[in-house]
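Chain nomenclature is as follows: A, B, C and D, assigned in order of appearance, with residue numbering initiated at 1 for each chain independently.
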């Protein structure tokens, strides 16, 4: 995994860049399957989601439906992200 | 099915003959897989079992383990049998 | 379809009998001959049945399951000589939803064990054989060392 | 063994991966592409996955089941284009006793549906397509006629 292990830097002293993967309907609406997002530290999965959904008109309506993974494991919107994390925004799963 | 449908005759006025099927360990101990038993009317599945088990030494010890069928359907020791019934004495089942 | 057969069982064939585009959830159960029983080494088994009643009872169990849940069920039980590793019984239940497929499949195997007149004789590695009695207490070898009073 | 595959699934192959003479009870579940959804006619489906995470999550689910019950579990999920009637997911769980095989199998399919990042797009007979959202309320066609207040 690419998660860096340094301790949280002082707020506003650094920025955090993550790779964001999007899927299914969300990938279709965004016209891409991955993007790079940079936000001021500290930041959370929810902040990353908000930044991505702000990039297209009307995408905010997807907010309640999305689940999240960081570095290939499920997590929640309030989880912190660190520089280099792989963040995934997951529309409703439909496997099985 | 071969079950006759006449009403129960007066006790001691008639005898009842049934075909008895035996299986597995019981067939082995009896040295046969079917036998014919005639008993005074009225009679029950339990009476048929007792008659069969009395035909060999030490067979009574099987009594608690046996289940019963009349005309290919499960039944209990107190069920009546009528002339022509097919009575089966079933050692512990082991299918599946 | 008869339930008893002396030929090897085939899971794909059984599933094909019940699945359809309307019944997309398929649960199956397979019971395979084990190589041990009561701590003794089993070489092979011999299944015998009260054939006519076994067929009738299997048919009744399948209809009960199909009445109780919206499923199609297939059931086969092998008879005759089986080797360790051979399948003795197979059940497939297909429904629109997995819950009912699982519930029906489980119902059928429980009822088969409880009601279908089939017996098996185990042939052991030491040359002896015995009729299997699932109601019997385990042999001493399988029982915990202390049979004394529990404190 | 990888969980995701673009090749047709095979129940016998999956069962062979888990069964043994010590694990004589084998429960399986197969999920087959249905021909309807929300009352609309489905022609085929397209499954896509977050591959790396899906593999990791499947492996986690299988280990959880194998830790929770004394069983061996195999799990495969198909991706890419599937036709109606094709199997999309298959699970096999083998144990010494049927109860644990059924319980483990059921656990795995529930967790797969809940946790594995896989999506499907349905292609309908009318030429349209849509991403399946199992959390969405059924379309009007599937809802009972009265949406008004219940007396």
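Points to keep in mind about this one:
By definition in this document, contacts are C-beta pairs under 8 Å (C-beta built on N, C-alpha and C of every residue); 3 or more make two chains touch, one makes a residue touch a chain.
Small disclaimer: the values here were computed from a predicted structure and weren't measured.
Contact with both chain B and chain C is made by no chain of the assembly.
Between chain C and chain D, the centres computed from C-alpha atoms are 25 Å apart. With centres taken as mean Cα positions, chain C sits 50 Å from chain A. Once the centre of each chain is set as its mean CA position, chain A and chain D turn out to be 27 Å apart. Mean C-alpha position of chain A lies 75 Å from that of chain B. Across the assembly, chain C contributes 31, 109 as residues in contact with two or more other chains.
Applying the touch criterion to all chain pairs gives A-D, B-C, C-D.
Residues of chain A touching chain D in their complex: 21, 23-25, 28, 65, 69, 72-74, 88, 90-96. Chain D makes touch with chain A in their complex at residues 31, 47-50, 52-54, 56-57, 77, 88-89, 109, 112-121, 131-136. Of all the residues in chain C, the ones that touch chain D in their complex are 11-12, 15, 19-36, 84-85, 96, 98, 101-102, 105-106, 109.
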